[in-house]
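Chains: A, B, C, D and E, in written order; residue numbering restarts at 1 for each.
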Amino acid sequence: ETIGVSMALFDDNFLTVLRNGIQELAEGMDDVEVQIEDAQNDVARQLDQINNFVASGVDAIIVNPVDTSATEAMTAAAEAAGVPLVYVNREPINVDTLPDNQAFVASDERESGTLETIEICDILAANGTDPARVYVMMGELSNQAAVQRTQDIDDVIANGQCAVQIEEIDRQTANWSREQATSLMTNWLSSGQQFDAVIANNDEMAIGAIQAMKAAGISMDDVVVGGIDATQDALSAMQAGELDVTVFQNAAGQGSGALDAALKLARGEEVDQKVYIPFELVTPANIDDYLAKN
Amino acid sequence: MASDMQTNISGASAPNSDAALGDIILETRDLTKHYGGVHALEGANFTLRKGEHVAIMGDNGAGKSTFVRQITGVEQRTRGEIIFDGKPVHFAGPLEARNAGIETVFQTLALADQLDVPDNLFLGREIIKWKLGPFSVLDYKAMRQRTLDALEKTGVKIPNIRGTIERMSGGQRQCVAIARTATFHSKLTIMDEPTAALGVQETAQVENIVRTLKEAGEPLILVSHNMRQVMDLVDRIVVFRRGRICANLKKEETNGEDVVAYITGAKTQPEYEEAA
Amino acid sequence: MADQASHGIGGLTFDKSKRALPNEFNVFLALVLIILLFEALGQILPYMNGQSMLFDFNEARDGTILNMARIKIIILQVAIIGIISLGVTQVIISGGIDLSSGPLVGATAMIVMSFAQTELVNGNPNPKAVFGLWAMDLPVIVPLIVGLLFGALIGSINGFFIAFARIPPFIATLGMFLICRGISQWWTKGQPVSFPTPEYAWIGTGMMPVVWFIGLAILLHLIMRYTVYGKHTYAIGSNEEAARMSGINVRRHKILVYMIASMLAAFAAIVLSSKNLTAQAGMGQFYELYAIAMAVIGGVSLTGGRGSIIGTVLGAMVFGVIQSGFTFVKLDAFYQLMAMGAIIIGAVVLDQWRQQRAAAKA
Amino acid sequence: MADQASHGIGGLTFDKSKRALPNEFNVFLALVLIILLFEALGQILPYMNGQSMLFDFNEARDGTILNMARIKIIILQVAIIGIISLGVTQVIISGGIDLSSGPLVGATAMIVMSFAQTELVNGNPNPKAVFGLWAMDLPVIVPLIVGLLFGALIGSINGFFIAFARIPPFIATLGMFLICRGISQWWTKGQPVSFPTPEYAWIGTGMMPVVWFIGLAILLHLIMRYTVYGKHTYAIGSNEEAARMSGINVRRHKILVYMIASMLAAFAAIVLSSKNLTAQAGMGQFYELYAIAMAVIGGVSLTGGRGSIIGTVLGAMVFGVIQSGFTFVKLDAFYQLMAMGAIIIGAVVLDQWRQQRAAAKA
Amino acid sequence: MASDMQTNISGASAPNSDAALGDIILETRDLTKHYGGVHALEGANFTLRKGEHVAIMGDNGAGKSTFVRQITGVEQRTRGEIIFDGKPVHFAGPLEARNAGIETVFQTLALADQLDVPDNLFLGREIIKWKLGPFSVLDYKAMRQRTLDALEKTGVKIPNIRGTIERMSGGQRQCVAIARTATFHSKLTIMDEPTAALGVQETAQVENIVRTLKEAGEPLILVSHNMRQVMDLVDRIVVFRRGRICANLKKEETNGEDVVAYITGAKTQPEYEEAA
């Protein structure tokens, strides 16, 4: 079988782990060929890629949607051509009305930011820092993971799930990037404000913040820093005692689940239409379970 | 210094009080242009009457083209007044000058290299088939025909007028610029060294165009280094030196050697002495 | 010896038969070469099993021997950027550049879509509603007008700074690039806007984008070739100072040029959001670069004064063929990027090489 | 009346005292204005509590009344793009443009970092190892040379296509843009490369990026002002045909220009990956646009022939001040983008306006 | 057609068999240039001896500048041979021509607008303080001084040589281009309408420069429309018409009217008749 895969973005660290997972899995199977395309964060390009797959006559399509609210048009395109389709990693907006030969395997971003924030609150409470002053670093604003993870922080505080009282000094975007996070953090430091924690939408930005603080001679014991993804760099920072919280997102689970569903649909077999792969909290306490995972 | 200038006005106008010529069409008072530290034009008082043909002569860099650029609104003057057709004018650009009735052949020619000859000839005043505001439809055929006619007058040879201007020889380009000016009626024609790049025949033809203007009573300012040409064509010669007017000579009262003496600075008319 | 010219006076021998082929011919040639390349790869590459890119002999799926699905997607996938490219073409011909078109697509899509939403989705209230009920189920003309007006506004601001404040177009439109990206993120604070009315959804449905692209291309072609507007655009790009000295109102004209370009980009945004049934702040990323590249591959000169709409349409087709061809031969995404880069350069190399040979030999 | 010129022969009155101020002065003025604006906002905005951006009166933290932390980050955050901008400056002065510098940063970082990795991380084997043990803990000179050679290669390919195949620089470097993005994604199939040796990490540590930036800026300034290379670069940008007719080897020179630009971008990639202790395929995104914008804000003319390294350094400072200023006044990200766009335009408007006034008044 | 040409070679060379002049420095055989359908230059056979000064005259668009561009390698010829200093040459560009010893003032001047006067004068052969390959350090002071000297010879007035070329008047620009050529020694000097934009004084000075070349025995090709100048300066006149050579006249054996007759096509020398 030939499976066409359209990824939202190749440049993304986490999505790369997911993509490589699918690729390796397929290489290990007989008679399964995957062709992976990069939608370069462009909704329209993604829709075109699906149409190109259709023109090439693939047996099934896996889509990591750029924009989860653009999935209706994709669903329609695949349905019209009778090609099975599986969404991966991000929950499509039409999840409840998917046709029979479509499915999705995703994680719920409402968990990721929530797990991260609650754990940071708990650490702050344990340190006796109450009220706590925090900085928030956001991912790319046009990206739904960033929007949702930031929303999660607000929800945790609003729902009273946070163990301490949070005073947010400022929230800015660093576009998922370590470099921009370093600059942003250094700028924050230059205003001389006292702060207790940095909540970042992903690990790369958390590491950027850590590097900036280290360069300014701030002891990482005094500041709580959290990220999401549990990347190798992040786990190494956690081992070094710099990063306090991260959240594991199961790339391999999502990738294999999606490929599996796609192959079954192509062969006309039954599948679960909705598969949620949960996020998992990672702290120094359980880090060893994750060292070899992402 | 400005007060010195005032006294010169009458002097400058003096030789023109010719009954045969009409009212004043163009007058400049204390017209001045500085480029940073360079005083390219300083206190020029100049008068031109309807029907009169005047030459401007002077060394390279004497300020002749600068004078032309101030009158035609290509640049904004540092100081001074320009009175055209009875009214003080402040042209914001060459478009306004042209709309007021001044047609100019600039020394730099002002041609669009990637367009062909008819396009250049009618640039900014195309012949229209259907009027639709900026989207009016062009009448290519009519423009091509009128271009051939206009070029014929200049005597130039152009193998293919639909070739782009960048492919034309120096003289061909100059003839296109001249033909453009000669095609449209105007209250005042200004030509800045129009025959510099022209061959013998073409020069003769362009001089004929100038004579036609004279017969039609249209006034002309001709910037030229060609003494023979000037002596053949114009009524009066104004000499520029180092950015200032240094002489204002009726053709009948002067000769080539005399003019050269003014150009080189060997002589200066008494009324301009203080200034120079 | 050849006959004399019909458009010349006196002078040299002019051999009309030896006139160079139009530039568009080169682009067409590049297009054909690229198609042949992919067909050849389909035959040669072992894993391709002798498939053809454009033909479909075995099973006459659509009743023709052409692979209609492929041919449709080739045009469809460049139609929207193609529309932008039409506007960019005239900007470049006028001697300018427009970097703001991509972000403008994002901003316009967000704004327009907020006025094109439907009240009920599967019987529930629209979960992505931006405004209250008053903005729901509006007639399709409302979002259309809002979009075109917004485009006209942005374009005239571009034009104003370029024409009156004499800002280099690269900078004015780079500034507008950032401003539009800001606007698109600010509009809903990053939330996508979805669920348009069926009328709005019709604008970009099926092959409609292609219809708009071709229609607008014909219109722009006529304007650039046969109207004063076109002539002045070429003149300004050829020699702005000369155009000014010839009495063209260069400033007013430039504003018009940028306004039209931005209105076309805004219209592309409408088609795009309609096609995708959603608007997202990041939409249109890199479109400005692709639109410019299409024009340049089509023979539009970045120094101004040269180029044509026909060329740009062919340039767009080159992109479409390449993109589909890559999927056809199952090229890995990394190699796709590299190959795309190489082909863009190659297409222009071919063009330059033919022009030079033509000039040298004649 | 003023005294005669020392550098002129005969002719008009030339008043030396009235010579126009250098263009760089305008950029400096823009810089000061922007700083004053932020200082004023610090006083006016209620939530700012009268803070100052650059001064720090209350507590003499670093023993000066300046907020040294802020001043450092202002320069530090533009130092790396600044290094790219130096190379881009000379490319633009030569009449070209380089869009490939951003992706080149990504590609170079990936490649270089693979030769700069350390064997053990926290006692464990490097989890991101690209090659085997042979490539671990290599002397720092190895990655440095690899990076500069790669830059030189890419630059000379750019230069070759531009100079010999006469491809417009916009297209040649746009093609290279895509090729480099392909390379950086292909190198490790998208996996980031991390954990460099301490020697490599030193290159971009602390204020080192600023040291490199300033050092290279001085070097480039001397080259552009006082050497044949600089003169020919200006000449080609001013009138390429004239330069050719005057006997300059335009082709060879252009290759050199693009080679130097790409080597500077490659060096920037080294500093960047060292500073961040990682290399990622997406690194350097938009750097090409910012590098160009810095140069243009600094007075480099996109039509070639005009501009200076000093201007570009000031242009970079404008960016640094704006970015820090935004964080200082806690501006939301959407507004940051819009304000950045407006300031870029505004800085050039100011420049144009002063130039025109100077020309008109004198 | 090519065979017709062969017979002309001796004819064309005939008037030059002057004992006072040296060897042949430049010879073209059947030199031809077509631009697309435009036959700008057709079968030109031309000879120039060391020390000889020859004028090229002809209508606008007759092919004079095209001839110059083929010799100097600015463009690549369609057909024909060029023999310079005894060897057949194929200059790939103007740099090679200059290195071979041909100095040219082009009709388009070839100046870099944004550079100042000394920069333009020494473009491509700057005076160097320290040699460091492409990064050799410039000797600005020396170049400025030599520029003042060179310009002095042309008689032009330039208030500030550190101003950029774009600010110079038409004549000032032309003088910079001439000064550039006159500053460097060469085996052959070519000037394409060098005095077209010059004033009376400046023209006289440039003519003096030409006379100095003559005295030094340096050969010259002068393209000019100025009959007086040509008659004053050169030994021989070659007339171009419609892309072809139509006459080759010793100065002593002709006069202005005669030359004009050749230019206008009223006369053609018998040996060129077949071709024209």
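Observations on the model:
Here is the rule we use: a residue touches a chain if its C-beta (ideal position, glycine included) is under 8 Å from a C-beta of that chain, and two chains touch if they have at least 3 such contacts.
Computed from a predicted model, the values in this text were never measured in an experiment.
Between the contact lists of chain A and chain C, the overlap consists of D.
The fewest steps needed to get from chain A to chain B, moving only between touching chains, is 2.
Centre to centre, using the average C-alpha position, chain A and chain D are separated by 32 Å.
Separation between the centroids of chain C and chain E, computed from CA atoms only, is 48 Å. Look at where the CA atoms of chain D average out and do the same for chain E: the two points lie 45 Å apart. In chain E, the positions touching at least two other chains are 35, 37-38, 61, 108, 156-160, 242.
Residue positions of chain D with contacts to 2 or more other chains are 5, 11-14, 185, 189, 333-334. With touch defined as above, residues shared between interfaces to two or more other chains in chain A number as follows: 10, 38, 141.
Chain E contributes residues 35, 37-38, 57-62, 64-66, 107-108, 156-160, 163, 167-172, 174-175, 193, 196-203, 225, 227, 242, 260, 263-264 to its touches with chain B in the complex. Those residues of chain B that touch chain C in the shared complex are 74, 93-95, 98-99, 104, 106, 108-115, 119-120, 123-126, 128, 132, 134-138, 144, 148, 151-152, 156-162, 180.
Chain A makes touch with chain C in their complex at residues 4, 7, 10, 33, 35-38, 40-45, 47-49, 51-56, 66-70, 72-73, 81, 93, 96-97, 140-144, 146-147.
Of all the residues in chain A, the ones that touch chain D in their complex are 10-13, 16, 19-20, 23, 38, 138, 141, 170, 172-173, 177-179, 182-184, 186-192, 207-208, 211, 215-216, 231-233, 236, 239-240. Taken in their complex, chain D has these residues touching chain A: 51, 56, 61, 67, 69-70, 72-73, 76-77, 121-122, 127-128, 185, 189-192, 194-195, 205-206, 272, 275-278, 280-283, 285, 323-324, 327-328, 330, 333-334.
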